[in-house]
Amino acid sequence: MKLHEYQSKRIFARYGLPVPQGNVATTPAEARQVAHLLGGPVVVKAQVLTGGRGKAGGIKLAKDAEETEEAARQIIGMFIKGLKVYKVLIEQATDIAQEMYMGIVVDRTHRKPIMIVSAQGGIEIEELAKNRPEMIFRLPIDPLRGLMDYQARNLAFELGLHGGLIRPFTAIARGLWRVFVENDATLAEINPLAITSEGQLIALDGKITLDDNALFRHLELNEMRDLQGETEAQRQARQADLSYVKLDGDIGCMVNGAGLAMATMDLVDLYGGRPANFLDIGGGARANKVAAALHIILADSDVKVILINIFGGITRCDEVARGLLAAMEEASTPVPPMVVRLVGANEEQGRQLLAAANVINATSLIEAAQKAVELASGQSQMQRP
Amino acid sequence: MKLHEYQSKRIFARYGLPVPQGNVATTPAEARQVAHLLGGPVVVKAQVLTGGRGKAGGIKLAKDAEETEEAARQIIGMFIKGLKVYKVLIEQATDIAQEMYMGIVVDRTHRKPIMIVSAQGGIEIEELAKNRPEMIFRLPIDPLRGLMDYQARNLAFELGLHGGLIRPFTAIARGLWRVFVENDATLAEINPLAITSEGQLIALDGKITLDDNALFRHLELNEMRDLQGETEAQRQARQADLSYVKLDGDIGCMVNGAGLAMATMDLVDLYGGRPANFLDIGGGARANKVAAALHIILADSDVKVILINIFGGITRCDEVARGLLAAMEEASTPVPPMVVRLVGANEEQGRQLLAAANVINATSLIEAAQKAVELASGQSQMQRP
Amino acid sequence: MSILVNRETRLVVQGITGNEGSFHTRLMLDYGTQVVAGVTPGKGGEWVHGVPVFDTVREAVQTTGANTSIIYVPAPFAADAIMEAADAGIELIVCITEGIPVLDMMRACQFLEDTDARLIGPNCPGVITPGQAKVGIMPGHIHTPGPVGIVSRSGTLTYEVVKALTDRGLGQSTAVGIGGDPIIGTSFVDVLRMFENDPATQSIVLIGEIGGTDEEQAARFIASEVSKPVTAFIAGRTAPPGQRMGHAGAIIEGGEGTAQEKIAALEAVGIRVARHPAEVADLVAERL
Amino acid sequence: MSILVNRETRLVVQGITGNEGSFHTRLMLDYGTQVVAGVTPGKGGEWVHGVPVFDTVREAVQTTGANTSIIYVPAPFAADAIMEAADAGIELIVCITEGIPVLDMMRACQFLEDTDARLIGPNCPGVITPGQAKVGIMPGHIHTPGPVGIVSRSGTLTYEVVKALTDRGLGQSTAVGIGGDPIIGTSFVDVLRMFENDPATQSIVLIGEIGGTDEEQAARFIASEVSKPVTAFIAGRTAPPGQRMGHAGAIIEGGEGTAQEKIAALEAVGIRVARHPAEVADLVAERL
């Protein structure tokens, strides 16, 4: 779960990390009010879960409350990379002498959290890693022991910091580690970590991604979920515990298992079709979960053909069939052609249950994918007279 | 720094450990009030930093507010092992099915915290360790990694617990570990950890000793210090950063270094004298610290002779001499005979400074101890006509 | 021969009294796996399908000589179960549980570094050596003994490939599901090394997917250390960046971890990459 | 010969720019110790008594080849300094600092277990090999080279004994102050083993005090492993129970750690225990 900048900064502040004075607003009037209370020049920043806000015009400077209101008017409601802006963060403007980078990510290869710092910040760290790898320092952290003071201090010296910046840098590094570990983050990033013209360190932008699997022990964080940014399909998938990703094709897919689901999409693509979604019903799904999955696909107006691929095991084919039938019965719109491939546990019962229903059976994955693609292109042709 | 039972239990409660409902009172009237609010039978317990309260009559059962007031009247103001009782803790009485023990101490040999548990509690763990060592289970804890759930659970099974007691026991063990580590305790003990007749676990008595060296990072705990139980000499020693322990002899000792101070006391004893105190001025003491030390000794009416033993190094003999002179000058009572042995850094200057003062010089520790003992026995004889 | 599990495997099932644990214990016993013990704290003394249940792994190991553990413990407690198993002297730990917090897994892996235990998973179907032992949740009947070693990040996708191999008469030495999480105990490289050293394995199938760089590392390792033919399949060519595709580990981040990169890395060192699961069997057959 | 420190010792002083660090650097240089570097974070590039100061121990080691560290860092930061030294590859760490929290020290000692570093102290006077190197705060001039190895939990009490030995013409191979805290890096047994293996040491003096059971363990070790004559002194016969006698580690707890017990344990294995510091020299002389 990605947190907005303002949410990340609130967490930072709770751990003593220095962030600019500021507050969030959902209307231009609120924005004006916030700027008025802050006084002086401010930055108005679109709160949206994607990068590239600056380029898209989502970040504006304003010298007073008046200008802030105008900036907020322009930003609230705009779309950045397809995401609508509902909130802006208004913060006191900072006079920046240098922009650095500090982040903690999960290093999959070494199975450890790794702290990454650079004396150059404000840009995407992946870019920097590609173009100027010598500017980047990495510190693997023992997750059972945590970050030691001297390790954080050594990083400060690697960056060439000295004098009065050593202690605050070390404190920020330790604080960011606590943010990471105590909130079960998979990413905690300060970018840029700025040195102001007065020689103070401050977290000008922040990003936290929380581990969805650990939210059960951070119920207060769960409430930070951005429900406004969620589509109806995403909401339904989350509530039914389904893995669902909308894509831009027209063949709706439902598969058990993430790898098999991707392989199914790939095969659709291989035969010239375009998957409308990724949808993994997981292992051992019961009928009601299958029904919920089909409802999501049926509600997608882009879907012209549905492809169901089930390799039974813990998941029983008869349960899947029952779920499909239930959802078809409840469907308020016409059900598109459906290609069903059931194999494994209780596949016979499953097929029998579906015999009466209007579905196309396939015995192999290849056959299923081919049929689905054929149907989809047929459908397309039918619609183009 | 030892905490009272009621203080320890407040900390326990903060970490979710189950403790009886209760509150503390400093007068019988307050005790009545507390019992009234609690309702039902209560236990009234003297809050005093020593064991053996029960035997001394410092713990009483009371069936109502009336009896509680009477019990508090008897307990408040009584002395237990020389310590005056200022407060009582009034708690709801618990119906006990079994008394167990759980404690975390510092294992000096293995350099680790060690959790000790026993299915038999309510008695001194040292006693149990001597008499029934097979009843005791020890778990060394990695101080960088902490106590793992499974380790705590394994302890529960070692104790023969089962069913519904496993989870609460494990939670209490983890909680006690957090109490230990997050408060820098050197001892955190629940004794007894009772199983009630309803099958609940509850910490009936608790003891926490905090690491004095770590109080700088727990300022809120420092405020729990029992200043009422402190003597004037202890207060002065603490404020001057001196190590001072009152003993029952008549030869006041002042030494630099703890080991040498003990060796000096032992030598006094060897020659038939009795030290009035242990007093270590530490390394590199300046004149004002030495003066503070001498003030403490001079204020002790048991002291008939004073023995100063300084092995100069970081501690300079001239500084010591200056401190002694200053304190003697300010003394409001006659200064007892003083044997001074100064050796090492600036010993000549030190002796010269003391030349005018009425002190007896000694060149070796043996000579100093002998002279002090002789003088003390002479003094004694003089006082007995 | 085989790797990881075989007739000598003495299995303890952690979480045996749960629905999933009990169900799969039955299936593993049916397959012929030596399930010697179960563990559920507080249920010591009970029996599940004729298997004795203990309160702690330590007790199970001491009493039954268990050397391998399989974990069906719920996600919040699974990392602790892994550490308990390792501390009790278990040599091979197979963790089926899905949804374990990443931090818990990093801690468990750090803990394992000081022990002799190897972890497979989590979020994996387990390990099967056909005809000898099934330590997992895969459908046993689709497997058959033979010369092909399989290592995969996936579950049902692996079954699909196994079925294609078996249908073509190509049996398996051992099939290892290493799991779909970002933090897993055993990597492709670890298993490839075992297969390379296993006389029973003549051909290796590697089934990867988007996310991380494990496949790229496998490619480098194969180039320098593996003499046996390797056939690969990578799922997720059509996966968009920045989205988690079911598995917690299946996500293209910062432009890293695409199927295209992985396929390119594998093909660059001469590994043939199938375009779909069934083709894996064709490619394996060509070189056996 | 000698133990722990000698002419090859290349010392880095952690906390060199502090009052105590700077003062003792001067004295150690005067004694002839090779002080090659100092460390104070943020003061890299400065010089103290001709010794270059670095920001980190790592840098000091890389630049100067320091192999030993002495720590004068204030108590709240000392455990971190110990870990920094160990992580930088320092082999011998002598920690003078008094008042380090017990938990910090337990953590540092746990940390050291995974490294090759040995810690002496904390809360100790350090180590001196007369005529070769002084790594500590003891007055150098009372020492003289010779055959007696000294190990002690105390500071000034040790000087008292050393002076008595020197006054009697008995020089010292090495004198080691292991420190007065409850948690220390090196125990009596560790140092006794070194002295036993050191050809330059012909007689050993052990100076203990109340608290803990280190002396009892030393007695057992001496009985089975030490062939050289050992003379002991134990301070605190008159110390009351339950009171901390200056040193954090000098406390009789739960009836454990009394001087009487320690003396009895030592005498039981034939070790002669002096009644006062000067007598130590008499007893050593008798058996040399």
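Things worth noting here:
Letters A, B, C and D name the chains as they come in the text, with residue numbers starting at 1 for each one.
By our rule, a contact is a pair of C-beta atoms (placed from the backbone, for glycine too) under 8 Å apart; a residue touches a chain by one contact, two chains touch by 3 or more.
Worth saying up front: this structure is predicted, and the values here are computed from it rather than measured.
Counting C-beta pairs in contact, the pair that comes out ahead of the other among B-C and B-D is B-D. In whole angstrom, the spacing between the mean C-alpha positions of chain B and chain C is 56. The distance from the centre of chain C to the centre of chain D, with each centre set as the mean of the Cα atoms, comes to 52 Å. Per-chain CA centroids place chain B at a distance of 28 Å from chain D.
Multi-chain contact residues of chain A (touching two or more other chains): 144-145. Among all residues of chain D, those that touch two or more other chains are 111. Taken as a contact graph, with one node per protein chain and an edge wherever two chains touch, the assembly fits none of the named shapes, being neither a line, a ring, a star nor a complete graph.
Touching pairs of chains, sorted by label, consist of A-B, A-C, A-D, B-C, B-D.
Across the complex, chain B is touched by residues 41-42, 44, 55-59, 77, 80-81, 83-84, 87, 111 of chain C.
Taken together, the chain B residues at the contact with chain D in this complex read 106, 108-109, 111-113, 124-126, 142-144, 181, 184, 186, 211-214, 216-217, 243, 245, 247, 255-263, 265-270, 275, 278, 280, 282-283, 311-314, 343-345, 364-366.
Remark: chain D residues 75-76, 98-107, 109-111, 137-139, 142, 152-160, 163, 180, 182-183, 187, 207, 209-210, 212-214, 217, 233, 235-240, 243-250, 254-256, 259, 275-278 touch chain B in the complex. Of all residues in chain A, those touching chain D in their complex are 145, 148-151, 153-154, 157, 162-163, 166-167.
For chain B in complex with chain A, the residues that touch the partner chain are 144-145.
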